[in-house]
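We just call them A, B and C in the order they show up, numbering each chain from 1.
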Amino acid sequence: MSNSQSTPDWLNKLEEQSRISQQAFIDNISTRLRRPRMTEAPDHPYRGTPAFWSEFEWDSQQRIDKFTTHFQEVGGHVVRLQTMEQAAGFIADHAVQMNARYLIRQQQLELAELRLEERLPDVQISSWNSDPDEAWKARAAEADIGVVMADGAAAYTGTVMVTSAPHQGRSVSLLPTVCIVILPVDRLYTRLGELLIPMDEIGRENLPAGMHFISGPSRSSDIENDLTIGVHGPGIIYTLLVG
Amino acid sequence: MKVSLFITCLSDAIYPRVGEAMVRLLAAHGVQLDFPPVQTCCGQPSYNSGYWEETRTAAKTILKAFESSDFVVSPSGSCTYMVHHYPELFKDDPYWLKLAHELEAKTYEFTQFLVQVLGITDVGAHFPYKVTYHPSCHGSRLLGVKEEPIALLSQVRGLELVPLPFAEDCCGFGGTFAVKMSDISGAMVEEKVDHIKETEAQVLVGLDMACLMNIAGNLRHRGEQVRVMHLAELLYEGVGVS
Amino acid sequence: MNPAQSTQGTVKERAGVALNNDFLRNAVKFTTERLRSGKQAASAEHGNWEEWRERGRQIRLHTIAHLDYYLNLFVDNARKNGVHVHFAPDTAAATDIVMTIARNKQAESVVKSKSMVSEELHINRALELAGIETIESDLGEYIIQLAGEGPSHIVIPAIHKNRYQIAELLSEDAGEELPPDTTILAGYVRRKLREKFLGADIGMTGCNFAIAETGSMVLFENEGNARMVTTLPKTQITLMGMERIIPSWEDLEVMATLLPRSATGQRLTMYMSGITGPKRTADGDGPEEMHIIIVDNGRSEQLGDSEFQELLNCIRCGACLNVCPVYRHIGGHSYGGTYSGPIGAVLTPALNRNVAEWDDIANASSLCGACSEACPVKIPLHDMLVYLRRRKVERGHGNRWEALGMKGFAVLMANSKRLNLALKMGRIAQKPVVHNKGITLKIGPLKGWNTYRVTSPIADHSFRENWQELSEDTRRTARPMNAETWDRMEQILRQRRASGIQGGHHE
């Protein structure tokens, strides 16, 4: 259980119920499949992608080019930079251009080192979860720009991956109008699987609560098939490819 | 070498000229078709509606008819595909099941027979018209007949093959569907004919008389002058064998 | 009241209404064409599509065949992650659990992201009856919620509404006039829902896939509302069909390849989220309390049924809807249940265990097979429709007249001489109604058929009647077979015998 505090009675009751139900529920499956309960992991000969796919790989430049093409095709923006210093410069310029009043970033060392607070004295800059008394979701909601580091990326699908942690809020890449993702080039892989397979490898207990694979700006075609960008999530998303 | 004709009830009763075209065309290539008369119907109509007992009755005439044949040729993809259901229908009857497996292995749709078995794509036909082709659902999707008709049509001299928009869309026949859900079926065949009109083709060619009958019915209803032909008829006319 | 939305009457009646609704037909046609060509382009661009389909099929077959193992593994792992897992054999049980949670959390509002299971349960109604504000956050779902309707397509729920209708609905919601402009309408919904996301007590979601080995759940979306629903409210309730499991993250790559391409022609949806348990203690967002309710509601009935177990492979992509010519003409509401299109035609009777009532739907198909061809996990839907029809007949719910007709068919077809006689009689009988080589008579079974067609009459002489003459004539003019052809045919016969299939004429 995640809560170390005592669980309320009603929840305990549901818990008890659930454990009894589990037995019946699973037994029902085995019965219908006309065999005894399977308790050992079965052989899974078709696990994962076909063999020809797992061997598929692009070189570094191809990855950069393809990621850029794919991300931009769906309305995202990609900027190729060499250093974090340049990234900081880009963010500052952009914030000024946009007349941004609020900016929120993850509470990460690399982002602190961008010294955005110095570069943008007129912008209210907050660092996720840096103050226990702050209403962080509200801060993220009012932000014009959210700045995050990507934990990984896949060129084939044009996807960046961000994960949750005490100092990394899911809201930072979700609530602001504009999202800026800084992606160190050495974290850019070819296939989505290269980001997923490590999740199997690091094990259940080490997974973050939220892993988000972002492949472009929020969109919908629900109204008469007319595409609209920025429905709930950020309508403007930048990936700064650094390194 | 016994090569038998599986005429299909539709061609037998309403479009005998399709069967005739097949027989004459194949005869010109040295294949003398024989016709076992005990055959009646493959059983599709009852099978599709869920009446499998009745289907077995009809299917047995087909199994009996071709018991001693080496090859069986049919002018219909859907009837040919129906034969693939026979093992399932007779799974509890070892005698008929054996015949069913054998029949499945030796039955061919007309273009499959020409191209795969005889190795022929050029029958020496001349047919100088604008033609569009409707690939019937069962034949193309389920039986896998895709390249053979195109290969045959492309060798016909003077023939201008115009692609049919959304060709793979169902024409709306579906057997009893056309009667039970007549308005939906009607909407589908009207759409199919709209696409045919777009091509401005003079001739619509196909591989299955069920679809062609359905489409021809709507064409006539709308006073359209497009000629509807089975590929066997087209090739036979093109060869001019009298 | 939108005529396309009535659930009265039979499929045929509802379809009739839909067919007369030009806007609906055009809207459905336009959207499904866009989606299916998107899918074709995306799968062609990716390449080796058949191999991917087979892979997807094998992974799903394997998981379902060992569902007791994998579901149990998932539950144990989810619990270890801190998730409260519940089991609901049916709608009533699921509703009860949801209401218990909502009541005890003293919830005043629930914000929802897309969940077909929640539609199955009609959970919104239960919540609203208890005075709990329930808001759909997916743009299409929000719109139909305002209209009081169910979704008409698995992926694009408001496909049947035009922008004017949508503008009207949203204007009423806003309390001010909104123009029929997509950007403005979507902008209004974004603003309105922001408040709801931030203020809701409970976030309710569906589940695209659950990863057994880590007890995680995965959501695919384009708007970002599912992320909102799983990030902002303090309590999360996820409704999950018991079959939505895959073993590992590695297997997810296959699903992530098949699902978006099949559904909307995208390489990947804008957001794919993997959620493993509630927020960690020090996290600044994410739910403090997370519940997953595993729903059966007729799914386990398909297990052990060799004809329908594969139904559980379904990944709810909607590709079958987009290629179905029937769906294209009649739209989703004509199907009368939560699920529409080919998958709905099979799933609804299967889940409801009541073949008799839902027969109508199984008949609304020409069995063209486009659905099976489109299905990324190769479910043989067109075969399943025939099985449904057969079961209905076997259970004695067949149409009496049709049954009689089929018996007549069998009697006729049992004997070729009988058939020949019938054709002769038919020829005589049709004489009065054949004009200009066509029949336009519109009575009995010909009524519907001849509304759209001129029927070809029975030929003057059947093929079998002409056979004698034809056979003699061709024998006279026949050419001999060339040696090459003979060899080819012999070769085929040899191969056939070698593979163990005997039979045929041996010279």
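The definition used in the following text is that a residue touches a chain if its C-beta (ideal position, glycine included) is under 8 Å from a C-beta of that chain, and two chains touch if they have at least 3 such contacts.
Only a predicted model underlies this, so the values are computations on that prediction, with no experimental measurement involved.
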| item | value |
| --- | --- |
| Chain closest to the assembly centre - both centres taken as Cα means | C |
| Most distant chain from chain B, judged by the mean position of its C-alpha atoms | A |
| Separation of chain A from chain C, taking each centre as the mean of its C-alpha atoms, in whole Å | 30 |
| Centre-to-centre distance between chain B and chain A (centres being mean Cα positions), rounded to whole Å | 54 |
| Whole-Å separation of chain centres (CA-atom averages), chain B against chain C | 29 |
| Complex contacts: residues of chain B adjacent to chain C | 1-2, 7, 9, 11-16, 19-20, 23-24, 27-32, 34-35, 37-41, 43, 45-54, 57-58, 60-61, 67-71, 98-99, 101-103, 105-106, 117-119, 137-138, 141-142, 168-170, 172-191, 213-214, 216-218, 220-221, 241 |
| Residues of chain C touching chain B in the complex | 12, 15-16, 19, 25, 325-326, 329-330, 363-370, 372-373, 386, 388-394, 398, 402-403, 406-407, 409-410, 412-416, 419, 423, 426, 438, 445, 447-449, 451-459, 461-464, 466-467, 470-471, 474-475, 477-482, 484-486, 488-490, 492-493, 496, 499, 501-505, 507 |
| Interface residues, chain A side, partner chain C - complex | 1-3, 8, 10-11, 14-15, 17-18, 21-22, 24-30, 32-34, 37-42, 44-50, 52-53, 70, 74, 128-129, 136-138, 140-141, 156-159, 164-166, 169-171, 174, 191-193, 196-197, 199-200, 203-205, 207-226, 228, 230-234 |
| Chain C residues touching chain A - in the complex, by the definition given at the top | 27, 30-31, 34, 48, 51-52, 55, 58-59, 62, 65-69, 71-72, 75, 77, 80-82, 84-87, 89, 97, 100-101, 104, 137-140, 143, 156-158, 161-163, 166, 182-183, 185-186, 189-190, 193-194, 197-198, 213-216, 222-225, 227-228, 230-232, 242, 247-254, 256-257, 266-286, 288-289, 294, 296, 300-301, 303-304 |
